[in-house]
Structure formats: C-alpha cells, structure tokens
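Shared between the two complexes below is chain A, which has chain B as its partner in the first and chain C in the second.
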Partner chain A sequence: MKRLRLDRLAGQLLAAPISPAARLSRPSSISRSIPQTCRHASLYNTQPCQRRHQSTVVSQAPLEEQKQEEEEYLVQEPEDGEPTPEDTLRSGPLPSPHPSRAASSAKLAALHARLSLSPKIPIETLARALVDPSADAHPKYNNANLAYVGSTVLHYHTSETLITRYPRLPMSILFTAMKGYAGNPALHQVARAWGVESAAAPGEEVDPGLLQYDPMKPTVVMNKWGYVRAETIESEKFKSGKGLSGRVMYSSNPFGESSAAKALPNFEVDDGRNSKTMLLQNAPANAHANFVRAVIGAVYMHCGRDAAKNFIKSHFLSRTLDLSNLFEFKLPTRELARLCARENFEPAVARLESETGRLSRTPVFVVGIYSGRDKLGEAAGPDLDSARVAAAINALKAWYLYSPGQVSVPSDTFAEDAAPWKPAYVDIGEIIS
Partner chain B sequence: MEARPALRPLTTLLGSCSRAGQTRLQSSTRRTKKALKLPPHPSFLVSAAEADHITYNPPSAAPSVYHTPFKFLPPSDPRRQAQLSSLLRGSTGLPSTAAASSTTTPEIPALEEKHQVPEPKFNVTREQVAEMRALRAADPMKWSVVRLAEKFECSKLFVMICCKASAQHQAKERERKEAIKARWGPIRTQAREDRKKRRTLLLRSEI
Partner chain C sequence: MTIRALEKVSVGQNGIGAFILQCKRLDIHYCDHSGSSRGMNSFIKTHLSKFAQRHPAIEFAVSPRPRKHPVMIGHYINGRQKAICVANMEPSQILKKAELLRDASGDKVKRVNKPVTSINESVRGVWSPYHGNGMAV
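For the complex of A and B:
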C-alpha cells in the first residue's frame, strides 16, 4: 500500500486562515446558479469520495475549465454577469453560521469541555467540524477535509489494534469488526453519547454548537481506503470479485464493501440504472459519523499523533464489541477437520461427556471435541448431532479468537525512545474459503 | 425434585410391604416440602473452626470461547510454557486443575461413526474410479451412490465427486422427491421448515 502523506493532505487545514472578509464575500447557496454546479464539480473531483442524491445534477467539466471556474468564483464574476459582487455580497443568508460566532456559543464551549479537548484545538475548528458538506458545500467551511484525515487515522489505529489483538480472525469477521468499531453506526452512537444535537435545518442563524446537515443535499461519504486498483472499475462493471478474495483485493473501503463506483468521481447521476448506489442510505448517521471523524482529524492536526492515538483509544477502541457473536459457519465440522489437518493435530473426535434424559422429551447431551488427549471445545445440545456441531463451532471460535493479550502495535514505534519492533504473531490465513 | 425419583422406589417398596395396593403420594404440602428438602451444598456449610472463609460455588456455565485450549496456543505464546509444566505435573500424578480440564480420560467413549467426520482413506485407484463411472452410467438405479460407496469402501461424497448421473436420472430423482414432498401434510411440512430454521440458528450459535 502506498504510504499516506497525512501532512501533505491536511496541510491546508491549518494554513488556510478564515478571514471574515473572505467569508462575507462568498455567495450564498441561494444566489449561486452556474458557479454552484461548477464548484460542485471541482469539489467532487478533489475530495476523497462522494455520494450524491438524485435531486442534484452534476456537470462534469475538464480540469482547466474547473480551474477557470474557480478563479471566476474567487473573483465573484459569474459568466452571466447578472449578479455583481456587491449583489452577491449580501444577497442572502450564509449557508452555515459565521466562524466568528463560535466563540460566543455556549453549546460549543460545553462540547469542548465535555470531550476534554486540548486548548490547542480552537473553538472555531470544533464549530467547523459540526458543518456537514450537505449544509455548506464550500470545502473551507465544512468538515470534509478534517473528516478525511480523521477517518484515515481512525481506520489505521483500529485495524492495527484488531490484527495484533486477534491475529487469527477470518477476513470477513475482521471487516465486520472494523465496521463495528469505526463504521457509521458506531460513530453515530459515539456522537449521540457525546451529546451532539442536530439543527432542524442548516443556516446562518442556527447555533454553531449544533450539527448542521441537510438530508436532501449532496454530501461526502468517507469510505476510501488507501490505494484503489485500476481493475476495480472493471470488476465493478462486470459484477465480478464478489467473493471474499475479491473483497480483499478490490474493496476500496476498510469494511470490505465494494464501493469502487462510489469512490470514483465519474458520476452518472442522470442514469436511473445506478441511482440507487448513489443514494445515501442514512443521512443522519453519515453526518454524525463525519463529525466524529472531523473531531479526530482536528485532534490529530492540532495536538499531534500521540494525542490522536490516545483519543481514539479512549473513545472508540475501548468500546465493547463481542466478536464471538459475529461468526456464522457453514460447515463447522469440515472446517475443524481441515484445521486439524493443516496444523498437524490429531484428527478431531467427538466424545459424549454426559447426557440426561435420552428417552425424554427434552434430552441434553454434552459433547466434547478432542484432538488426541486435548479437548478443543465443548457444547450441550438437544441431540447428538447438534451438540457435536455446536462443540465444533466452539472449538473453531476458540481457534479464531485467540488473543496474545496486551501486545505492542506498530504505531508504538513512532515514539523516539521506542524499542525496536518485534514482529507480531499473525495467522497465515483462512482455513477454508 | 431431585429427591423424588430416589424416594419413589423406597416409598413404593414400603407401601407394598405394609399396605398392599396403597401408594403414598405427595399430595399434601407437608409431604411435598419434605420430599423437596435437600441438604445445602458442602461449600455453604461453615464449620466452627474456619469462621473466615470465601464461599466459591459458581453456577455451572458453558466454557468461554475466549479461553484458548492448550493445543491452539502458538509456540510463541508464554502461556504455552506455563501450561506445559502443569500438564507434565498432571501426568505424573500430582493434582492439577489445568491438566484435569484440558486432557481427557480414556474412558470417555467416542460418538458413533455416523456422528464423526469421516477420515479420507485414499483407497480408491484410478481404474476403480473408471469402473465406478461405468457402473453408474450403465444403471444408475441399481448402482446408486450408497451402493457404490459400499462397494468401493469410500465415502458417498467421494462417489459424488467422481461420477455425475445423467440429466435424465437427476430429473427422475427430483420428480420422485417432489412427489414425496407433495404427500406431506401441513404438520410435517412445518416441522421440516422449523428444522431448517433451527439449523440456521445453530450455525449462528443463537440456540
């Protein structure tokens, strides 16, 4: 995988000054006509990945055209020539509250204090983290860039923790666990637990301490994951690569979902065929999750790597996810037999440990699976066969859920006085697939 | 409730001895309470000598899947060394809980053959496979999968991997099965459906 240059990606977040003059001179969402679509096009080509709603139409412009449009936009001279800069100056309300109002918001101050954020993180950044791209499409005033930085940092720490803590998890369970820790539903819950409320509708007049998003407007979905293969587009087109190895190879997001088409900027919004894939399923969850990612991004940008790692550890990785409930087997006895053959164990034998009420209506059989003299798993069931299957499932879970305990993760070596990296134990792979 | 089966033969015996034709039932509260009276678990009995002690009597529970068996520990794991010494001690006759829980005693019988995963025997030669295919192609009714498996002493799965019945025979078999299923009444159909659902739940460890 290509190395991620976070400093390069996120440098403009700290460099771009938010000057009230520039803020005032940008046009409102209502007065934008042609520049809006062009600006959307440019926005959609520069940002990680997007999903649009059917109601809006994107016009794809070549790169040089976009640059031109952006310049035109910056100097506030649309092609029509109808609205003058003075008109656009105060022709309508701003799409999101002015950054200068952040300092006077009690909700923002309370949120800042509740999260015990460092004073290095300005309250204006927290206010910006609460503005979803659907509320304000301008990339300098919404949280898209911060959320992208935050999502990469979060996915990195989640995956390294999961792999070192559970080195034998099957790939599908690993993907699901990633989603359980860093997916939209989990981050939505975290945002709710942080006490973040959403505004009824985004606008200039709302409190900056409220999460602002519009479920009917295009927004940004953070699902990009490192390097996307060129073949991904082809595999998406021909519906191939849907198996697990295909998910490992071609998936462009950390949860193993094939969202390649969504990750690419070639949108066909007018085409009814793929409009469903372009539609955002749960807009509130996405907005809340983006806010949480943006807070992580802000912690990373303002306080550094270690603070971000501690923040992620205390707010996300400390959550409980019962991995043993994620498993669903197809042929557990065969899988266990293959495992024993692969690891050179004696073949697994099922033994009846105890039973009660064999001739009654509700018998209970306790079956243990043994390999040689060692017991691998044990389970009770209402008949011999289901007890044996349950015991095989327990044995397989005991294999998959092996944990070496508290071991160091690769990011521990980032510290200056860190000990040299000792390779962690990671299993060779799937037993049957 | 556990005292009842033990008591019943005794009471019937007594009843038959004293008054023939009469059995003493637990139909009164006093008799029921008396029958259900069980001695407390030994861990709850506090002797006068040890006044300060901790009662350890956990309820019986299924073993946790997060407890990795000794065999599944990788060689790099420190727990392997720690358990190995206790296992060795257990084999020399010293009491050891880890050894008792992770090793089997030889008297536990294995389940029947039909409940085990069959071991592949690799006994069928290439010529025998050709013969098997010829037999199956010639008369699939006579040489069914079960009979072929018996003849060549291999598993049914192996026979099905080797030979494929003709489409005609497959269609006939499917028709026969459909006819059998059509004869099922609502109760049996429902029972089959329920069995499938229970199987799904079992594979998800939900029952």
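For the complex of A and C:
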C-alpha cells in the first residue's frame, strides 16, 4: 500500500525564503493548499501589504526539488523582482515580531532548550509556533498550519494508544478520554507546565519568546478530524444525529462533539455581531493549545515521524487519566444482563456475601454478582439495592477497562524493519446503544 | 446511551515522560562600587558564563542595582520567585546558591515525612472488615 506523503502535503511549512514580491502575491494559493484552517488569508489580502522575510528554514539539501518548483513559480510571476508601490510603502507596525528577531531572544532559546527540542528545529519555527492567528492573520507567519499538522499527529497517536490499550471502551468514554489527553484543557495545562508566558498584547515590539494572541480577534480552532461528511452541516442545522451513533458518524471532531458551535470549521471571535455559538469560550486556552499543537507539528516536520511519536509519548501519553472515573451509568443492572446474554455467560445473579447491622442506623451489605461460578464484581452499600447496583457497576467497569497490557500500535509498523502487523483485539461495540 | 462520560483532564507529573526544569529565569543583580558585591562581581566575571552555558534552559538576566546588596532571583514555572541575598559571599559560595536556585521547584518549602507520595491507588488495597473469616469477640 502506498503511504500518504505528509511531508509533501505540508511542504510549505519548510519553504526556503523566496523573494518578497512573489511571497506577497501568494497567500491565496497557500490558503487553498491547507484544508480550511486559514480562511483569513483572504481577509489579509485586503490589508495593506507588509514586507517581511520568512526565515523558518531548514538545510537546503533536501529542499532542492521544492526550490526548483518555487523558481518555476517565480518565472510565472508577472511582477517578479519589481517591488510594487504598496510593497515599498510600509504602513504601520507589523502584527507580530519580525522572524529575524527570534535568534536574539533569550526567552525563546530557553524555551527551546527546556523542551529539549532537537537542534534541527530552527528557533524561528518555535517563534512562529508562538504566534496565534488572532495576533497575525497571515498564514505564513502564524501557527495555524503547524498546529493543524500537530493536531492530526497528536490525535492519531492518542487514539491508537487508547484503542489498543483499552479495546472495550464505549465510544462516549473513548471520546472523553481523547479529550482528557489531547483536548484544549489538557494542552493548556501542558503549555503552562512548559513555562510559556503570554504577551499582554501582540505586536511588532513584543519579545518573540512570548505567546501572542488577541482574545478579541478571529482565530482558528483545531477541531477537524480528517474527512467531514457533507451531511454533517445539515445534521447540525436540524439538530439530528445527536445520539452516539450520530456522533460517531457525523462528528467532524476528534472528541465526538457535535454541537453546532463546535462542528464549525472555524471559530470567529467577534464582539456580539455573530450569534453566541460563534464565540470562542476560552481564548487563552485555545491559543495555548494551538501553540502546543504547533510545537508537535514542528517536531514532525523537522525531525520526522519517530521523533514526533516520542515527543507525544513523553509529553502527552505519559500523563495520568483514571478512566474508571469517567463512567456514569444509567442502567447498570440491565446493561450487565445484556452483556451476559451477548457473551453467552450464564445470567448474572446478585448474592449477599456479608452484612452487618441490618437493623441498626448504619447497615452495610456486601453484594457479589455471579455468573455461574464466576464472580464478576462486588461492592458494599448501605442497602441491598444500592449495593447490588454498585456491584453491577464494578462488574461492568471490569469488563470495559480490560487491557491486554503492552501491545503494539499500528504506527509501530512504520519502521523499516518492523514485523508485519498483527491485528489487535477490539471489541464489537456498545452493549446497549 | 446508558453510559454518560464525565469530563476529566489528564494530570501531568514532571519527570514521568519528559522532565522540564522548573527554574525558567535567573535575575542576577550587582553593584559596581559596594564592597558587598565584590564576590558577586568576580562570580559574574569567572563563573557565570560557564554556568549559563551548562544551563541553556534558564534565561539569565544580569543587571546593576547600585548601592544595594547583590541578589539572585529565580523565577519558576509555577509563577513563584525565590530571592537570595549574596552579600559578602565568595564566588564559590555564590555558585552554590545559584545551583540551589536552579534545583528548586519554586514551591514553598514543605516538610516531607512520607517516603513515597503517589497519585496511584494502593496496590495492596484497603483492609475491609467484611471479608475474611472475621475475628471472634
């Protein structure tokens, strides 16, 4: 099978510097090549032109081919080499610091060293990862592209780890666990644990080592998860597909969120002219999370797939999330009965194992749930019924949280000398949907 | 839909997975004329560049503070600061203090009287009076 060449698709992130005249005429083509994350490119075109030199550059050798393409592109440019009048006349300050200032920022160098990033990742790329689309709308100078790459890599590794490690998780729990590891709140905490400070307001004069975002300006929310069905928009409009199977089918979001606001490809922050659903709830968390995703994207683009996987493992998948605390059951006894019927176990029976103080103010009953001679679960409660329900919940959690231990994940087979993939066990699905 | 999911955020522990040095910035203040800064001035001349090279993860800011005692202030990821006055100290003593600031987590100093602190559940479990054979009274 032919592999997807992500490095080809996202090649513009590693672009060698080209002449400013060509760069100024290009944003529309850039916005076409990235999937819907930057619709502000057109917005930018209406603003006065500003000259800057892109300098997130890697070594020239692997980019020869791309550079030739760039040169071909330049040949076709009509106004190549001729600075336009708008070009020479720069009006107003830049929206974000000039990339050339990145090399002299102590904060940025310290952040690079603190994260133990490879020297292959240029300091300018890290500076670009710190510029939110709300601070600088130009897609070549903000982190939207890098964050998109980073979010897909992060979601891929998180989901494959969760599914192979806990093959029987119900979908709703799987979505929430994904959010607990890779959602905005978790990534916000990671960014804070990395010691990233944010600038009071974005601007040209700000230290490039500070996170720059503006809570009052339009930004980009990374909530896309691969292919989005055409029906998704319709189902959002008519409030259909809100059940779990609808969330699995129609949600464009890795966390199965299907509310009208969250399924929109782009959020815009506005001062009340838009409907309430278009307002971003937590702009700082979104900006911090986008920075973290952009760092993952930078690691992926400059150091490769394995380095990105290690980075994700050490910074995100090593965090602790107790999955047994995520469950809230409505009908545990019925669900356990259906489970036993589905798996051809003998019907579940609750038995009183021990009790104390039945006639006192504080009785305790210990109830075990048995299927034939096998004990499925046990719990204590202050009355017989709640003890039975708690025991059923324990039995169901024991089923759902089964883990085969350390198993290989699909991405292990990407290595050159990897063993062929052995299909992992994944449960057939919900017991009662 | 008999199972509803409760949203929780994963908890990170520094050093499990990746380690992030908690000291992010070290402010170093000196005075050109006062006698109490003599050790600090020679520390800046002799030790500081090597110390800064060994710790690229820390941002160093050296600035004069005339007619005041020399001081080192560490800024930490949790938002706290730790300041040490290094008046009349030898350069080697000041180096020790800089290492102290580097190694600190930024938290308030707490008494640790348990050998292990863990967020994991006990492996052995909690003793229950309702299991086993019970005790005859």
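Things worth noting here:
Criterion: the second predicted complex is superposed on the first by the 338 of 433 C-alpha atoms of A that agree within 3 Å, B and C clash if a C-alpha of one lies under 4 Å from a C-alpha of the other, contacts with A are read in each partner's own complex, and residues count from 1 in each chain.
Everything that follows uses one rule, which is that contacts are C-beta pairs under 8 Å (C-beta built on N, C-alpha and C of every residue); 3 or more make two chains touch, one makes a residue touch a chain.
Just so you know, these numbers come straight off a predicted model, no measurement behind them.
Of the two partner chains, neither chain B nor chain C is touched by A:406.
Of the two partner chains, chain C is the only one touched by A:190; chain B is not.
In the superposition on chain A, A:330 makes contact with both chain B and chain C. Shared-chain residue A:360: touches no atom of chain B or chain C. In the superposition on chain A, A:344 makes contact with neither chain B nor chain C.
Once chain A of one complex is fitted onto chain A of the other, the partner contacts of A:380 extend to both chain B and chain C. By the touch criterion stated above, A:388 is placed in contact with chain B alone, chain C being left untouched.
When both complexes are overlaid on chain A, the residue A:432 reaches chain C alone and has no touch with chain B. Contacts of A:368 after superposition on the shared chain: chain B is touched, whereas chain C is not. Shared interface residues of chain A, touching chain B in one complex and chain C in the other, are 325, 327-330, 332, 334, 353, 380. Only residues 62-63, 65-74, 76-77, 101-104, 108-111, 115-117, 119, 198, 202-205 of chain B touch chain A when the two sit together in their complex.
Of all residues in chain A, those touching chain B in their complex are 324-325, 327-330, 332-334, 336-337, 345, 347-353, 367-368, 370-381, 384-386, 388-390, 393-395, 397-399, 401-404, 425. Only residues 1-14, 16-18, 20-21, 24-25, 56-61, 77, 119-120, 128-131 of chain C touch chain A when the two sit together in their complex.
Residues 106-107, 109-110, 112-116, 170, 172-173, 175-176, 179-181, 183, 185-186, 189-190, 192-195, 243-244, 313-322, 325-332, 334-335, 353-354, 356, 364, 366, 380, 431-433 of chain A touch chain C in their complex.
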